[in-house]
Amino acid sequence: MAVMKFGGRILSNLFSRPATLNYPAEPREYPERSRGHVEFDPTNCILCGICSKKCPSHAVSVDKKGRTVSIDRKSCIQCSYCVDSCPKGCLSMRPGYCEPGASIPVDVFEVPEKTVSQKETD
Amino acid sequence: MTQNQTFETAEPGRIPALAQELRDGGYRLVQLCAVAMPEGTELVYSFDKDFDLRNIKAYVPEGETIGSITPWFWSAFVYENEVHDLFGVSFEGSQLDYKGNFFRVSTKTPWKNTANAGKGA
Amino acid sequence: MNDILFLLAFPFVAACLMLAIRDDRIRTAVAEVSAAIVIVTSAWVAYRYLGQPESFAFHSETIDSLMAVTEFVLGLAIIYIGYKHKKYLASVLGAITLVLFLGFEVFLKEGIETDNALYIDDLSIIMVLIIGIIGSLICVYAVGYMRDFQKHHPDDKDRRPWFFFLMYTFLSAMFGIVLSNDMTWLFFFWEITMLCSFTLIGYTKTDEAIRNSFRQLIMNQTGGIAFLLAMMILADRYGFLSIDTLLMQDGEAQWIMVAVMLLAIAGIVKSAQMPFHTWLLGAMVAPTPTSALLHSSTMVKAGVFLLLKLSPLMMGNACGYMVATVGGLTFLLASMAAISQSNAKRVLAYSTIANLGLIVACAGVGTPEAVWAGIMLTIFHAITKSMMFLCVGTAEHHIGSRDIESMDGLFERMPRLAGIMILGIVGMFLAPFGMLISKWAALTSFVEDGNLVLIGCLVFGSAVTSFYWTKWLGKLVCTASREGNCEDTVHCQEWVAVGSLAVLTVAICLMYPGVSDAAVIPWLEGAFGGFSEDLVPLLESNNMWIVLIMLVVLILLPLPFFRRTSKRVVPNYMAGEGVDSMSYRGSMGGTVEVSMRNWYMSGWFDEDRLGKIGEVLTVIVMAALLAAAALGVFA
Amino acid sequence: MSGTTKSPWLLHYDASSCNGCDIEVLACLTPLYDVERFGVINTGDPKQADLFLVTGAVNDQNKNVVRQLYEQMPEPKVVVAVGVCACSGGIFGDCYNIIGGVDKVIPVDVYVPGCAARPESIIDGVVKGLAVLEEKRKKISEAKS
Amino acid sequence: MGKRTIVPFGPQHPALPEPVHLDLELEDETVVRAIPSIGYVHRGLEKLTESRDYKDMMYVMERVCGICSFGHGWGYAGAVEGLMGVEVPERGQYLRVMFHELSRIHSHLLWLGLLADGLGFDSLFMHCWRIREKILDVFEAITGGRVILSFCEIGGVKKDLTPEMLRMVGEACDFVEDEMRKTGLVFMKDTSVRNRLCGTGVLSKEDAMSLCSVGPVARGSGVNNDIRSVSPIYKDLGFEPVLYDEGDCWSRCMVRVDEIMGSLEIVRNAIRNLPGGDVSVPVKGNPPVGEYVFRVEQPRGEAFYYVKSDGTKHLERARVRTPTNINIPAMVKTLQGCSLQDVSMLVITIDPCISCTER
Amino acid sequence: MTTIESILMAVAFIALAPAIGCLLAGVDRKVSARMQKRRGPPILQPAYDVGKFLSKEQITPNSTQDFYVVCFLLFTIGTGAMFFAGMDLLLVIFTLTLAETFLILGAYSSGSPYSQIGAQREMYVAMAYEPVILLMAVCYYLEYGSFSVSDISSSDGMAVVPLIGVFLAFLFVLTMKLRKSPFDLSLSHHAHQDIVRGMATEFSGRTYAMLEISHWYESVMLLGMVALFFANGTVAGIVIGIIAALLAWILEIWIDNGFARMKWQTALKSGWVVTLVLGMGNVAVLLI
């Protein structure tokens, strides 16, 4: 038994620097592997729709006719499953989270028509 | 961590007697789970004694009831009430019966209603 | 002197009249008119004799014999009743009393003449006013109350004539106690109050009532025997039997001290101090007006009256120490025991015992300041406590329970009554009301006296007191009730009595310094020979101003509130599962009503255990000091 | 009085989340993030709260609770939906007992996505919520005058 | 005095970060009856097997609970691997143990903080959570998530660790150990902490057994059903079960304090003995018809996984019985007769993770 | 003190105490944060909080609650004013009890179970600390022959020396009176508590603001009582008193952060034991 076993600790805390990060005044650095948000690079996308099928929370949808891939930021759970399953490596997971706000965007990406030659060179 | 994977099958009527036997034999109840089956529900009881696992399955046909094991394993009330609320299986002689208020779900007995229907969709 | 005699005799005449009247309406009228007459007479007596103490040479062999015969007959009756109910202890004590009494009458009293059988002084006047005004108001209240009582007990025979006979007889006896100088008279009236109380406690004739009435009887018989013994000692050793002569004696003289101790024990029994406190708790089975009249405002006050009267003889000696210790311990322990009670009448009973304990302690300390505090406490306590009893009685008839737990939200159901009750409770323990101010004076006097035990008892006891009163208050003020208003069926007699007492409670606080100057200080000057006002530091003028300001603020401040609020009314927080302010969705489905029960901490403040502790301690103190005094240790 | 934005007291309710976001909300209070720097106090009492932080996708049993807590808060008040579950139902959106997003029950002012929402993100959400709070306060005082 | 105080405790309650409700009946401060109500977090996620294939289900199972997310991933993966006969490479197994134990450390620290918070000991709460952040930093650097790790996959773990990362883990262990040496003593010895915990909510060994308690609750009452005891890999890493006999809140607390130390040791040993090779094997095809049970020792106790397949990619049943689920009876039992001030102590020391209980 | 001085002191208290109390509360939060290795809120945070509460929508569970809280505030102010005006210490103490009672009634009035439980706890904590406070007055009286604060503060010699027992006891119960850990049973300043917000559960808006302001007044008055132990009629005495009071405040913060909330049984028992040993012991010594 000891009265105020923690007393010394808190006193020394009082005279040492606080551990608090000065966020948001100083932005936070994230480690490389940090799963922040999904990025889409349309260059190689073949609109196969695998990402959309795999996504456990239906955050990606692929519109083959309209040639768009859209990511619903409000639903994405950053699981990386789409990234891992895309056969063309169009998707990547990047640090940095999607900003909070009064509304959260559904990012729609156009996938440009690819020429045959391009396809062949792949 | 890997266990004994055998599944014994028992008549639903024998479950209370088995429970008593296992309790007297020093087993503890690990879990009770239900699987929706065509026209009924399969219950899986697991018991453990010194890391030795015994799984006992019992098939309860639709509309029939099964004896509660709460007289021997009081803590089974959490499972039995859950199975009652989600699968619609009734347990007789429960020591703590929430009468369908354990989980207040939007659809009554959601597992039973859609059993097999949505399967594989 | 005739006015005094009238005051003594009139209530008894009215009582006999009411015994004869069978018609409810006529009896009501008689009761009310008699009460008015008693009030007017007491006021007149007070007015006439205030500041002019007087003794009355009054001697009548006839009356003396009449009293002796009455006492003898009543003694025989007690022996018989005890025998009939198999309460042999009562019979035995009755027999002892009778034998002692006969011995006293035959052998000792011979030749002792008391010239001034009656007297009146400022202390008596205070008591006369308490008995006359409060007692009469309670009798008025009883008219309405007993009507309901009879309704609630339809199977019982209507024994209301008997009830009112006892109540009014009792008033006479009380006047007798405070006005008699002759100790044989005093003893006579003393025994009469005991019998009234005995009969009224047993009024409902239930087993419990009878058991409790006998407990009262037995204990008070013990007190009576002590009284008789004291008289015998005085008669035998000193050859006088009058109070005024007694007060002129030297308190340190061996047999005077023993006699005073015995008288003090009689007073302690009557004021329900430990170890004799249980009779008062048992007395709560009596109809509520009885509790208010006999067991809070008057009869128990006879005990403290006697002690205050004798206090000059107790200052700084063993007897005083005995009385003070008993009072102090009773105050502390009874206050603690009150915490564990939820029955409103029992709480009031314990609080009565506790407050009387404080007064007794003041008497025991015996310094003028202490006695000043004791007298002030007596006044405030009589008014406020009787009011509380009456309120509880009315509430009981309308909400069907005398349990504090059932008084949830009384403020909504019976706003006026609850308001008065709140006033009563606040008056019992909070500044700026009289009880607290007097307690403050008591504390000062204890400190002056340097009595560590008393300081401790008072300091802890006050803290404990706040607890049980505040939690009761809380019940009254909370707005969590579903029942509607049920106040309109309260009888007008009840309103008159309760309302007058409420007005008195406030008025007497406003007149605090006046009462002190007009009656208490002159009496103290007479009794102690010199007493300066400075001895009561709280009477300093700026303190009194603050007290007055607080009083006014407290009375006026509520006015702007208690209307519809302009704020948005949001039901109570119920962890998100609320249905409304009072209920929530429960675990097993369905709506669950929230209920709040106050704390009783019975593990800490177990009444039986506390009672035992008190009994043991006080018996030891009393027995040891009495034995020592009898052996002449202090002489 | 612009004390409003300097003293946001928050009420947190877990409307069937997986705990992930709850512990991140709690983590915001701890030394590393210390939202008390902005005057935030995590109160348990809706009657003293300004910000309502809801985590989880709201199930059937919770919807009344969420609604009631919201109603018991005095105006101006702001609702912040923390985590993907609270924003849209997220991965549990298909579950039979899930209503799917806090905005199905009460109006949401700020959405904080992420699974789990990071403390930094929650802080940003709170700061955004403060702006909304100030706006609402102004609107109310204008309506009064 | 027939009346009792009836109070709703929760679902929204500052002493409970999670929604659970109790109907409390009190006499003074003594609880004479407590009826729990759960279901506030019931989502029905096990039923998502009907629309998510067995690999997708992994992401759902990880979100059974955000505190021991990793363990749930492992449990589910273990069951499916068993069903499919997949053998996880040794390095993968070691990494799983390592992350599981790191999760335990973070979970216990979190819990100690919540206990301190429940005790009204703010500074201690802050202290524990500050220590915990170190583990979360490790998590984020290695797996990319602070809370939901998404690190386990069927067949092994998703990513390998670089040597720097291993060093980082070791450093974090040193930091935590250093802090815990002192902080543990506070829980063990401080008067005010002991005042609240010692002798509070005693669960006897017999009760712990008959109520089928698991985890620190059982071990605080001297019952060892720590499933790690029979795992060869844990044995190699020097695992010892922590047992206390008093059965009160304090012993449940001390089990967790000591387990942090034990887990630190295991993690260190795992770093030291980490074998080389792959961290996972590819898994193809649908699970065969059959069923499989698997148990994992989560921070809160034994978790039980049951999977049943009908040969399609959608499992017929994926069931998880979480530790809290079976500790609720012990909680109800100890609540009877306790004091209101101890309700939060009891609830916290039993540590109901409602999210996992209700799924 | 003359009447004019008394009035001036009372007015000064009424005007300055909220500012000082607010700063004290701010220091409390800042220092607490630093003890927890956090940065903490600005020093003026308590003022922002109160400002916010004043400007919020006003909600209430019933129409009577406000009355009690207003009374609590008024009588708390009155108590402090009387204390600093040098009036009778017993009167101050009794008025303090009155104020306290109003707070308890305010908690009762809504019928909320949490605030009522808080009220019960407040009552028995009061039962634990009240004897000490009364004994403090008794000891002053025994030492200086007067209950008047002005007499005490202008007498020679520092009261701590003969009154060391009650002084320590007073420091002990100060924790209860300020509702700080380990005895913050009825109404914790930290928002996390087993009975929600305790007595203040149903307080919001202006009502809550009044509660906070009352706390400010109360803190200043209680620290004034600490200072009284050191006052000896000289400027130096007053300065030492103020320093002692501030140290007491820091001590309370430290204790607050160094303790878990104890069981109520412990609160009551320890309060009474301290009263008996230190308080009554001191009285006994002074009597001899």
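Labels A, B, C, D, E and F are assigned to the chains in the order they are written; within every chain, residues are numbered from 1.
Assume a residue touches a chain if its C-beta (ideal position, glycine included) is under 8 Å from a C-beta of that chain, and two chains touch if they have at least 3 such contacts.
Everything numeric here is computed off the predicted structure, so don't read it as measured data.
Note on connectivity: the fewest steps through touching chains from chain C to chain F is 1. Leaving out only chain B, the chains are still linked to one another by touching in one piece. Closest to the protein's overall CA centre, chain by chain, comes F. Put simply, the chain farthest from chain C by mean CA position is A. Highest inter-chain contact count (C-beta pairs) belongs to C-F.
A separation of 27 Å divides the Cα centre of chain D from that of chain E. With centres set at the average Cα position, the gap from chain C to chain D is 60 Å. With centres defined as mean CA coordinates, chain E is found 24 Å away from chain B. Distance between chain B and chain C, defined via averaged C-alpha coordinates, is recorded as 68 Å. The multi-chain contact residues of chain F, meaning those touching 2 or more other chains, are 33, 35-40, 57-59, 113-114, 117, 191-193, 196-197, 201-202, 205, 257-259. The residues of chain A that reach two or more other chains are 4, 6, 10, 13, 18-20, 56, 77-79, listed in rising order. Residues of chain B in contact with two or more other chains: 101, 103-105, 110. Residue ranges on chain A touching chain E, taken from their complex, read 1-6, 9-10, 13, 19, 30-35, 54, 56, 77-81, 84, 93. Interface of chain F with chain A (complex): residues 31, 33-40, 254-255, 257-259.
Residues of chain E that touch chain B in their complex: 37-39, 42, 44, 47, 50-51, 78, 82, 209-212, 225, 227-231, 291-297, 302, 304, 306, 308, 312, 314, 316-317, 319, 321, 325-326, 328-330, 358. Chain E contributes residues 5-8, 13-15, 29, 116-124, 126-127, 130, 190, 192-193, 195-196, 339-344 to its touches with chain F in the complex. Those residues of chain C lying in contact with chain D across their complex are 568, 570-571, 573-574, 576-578, 585.
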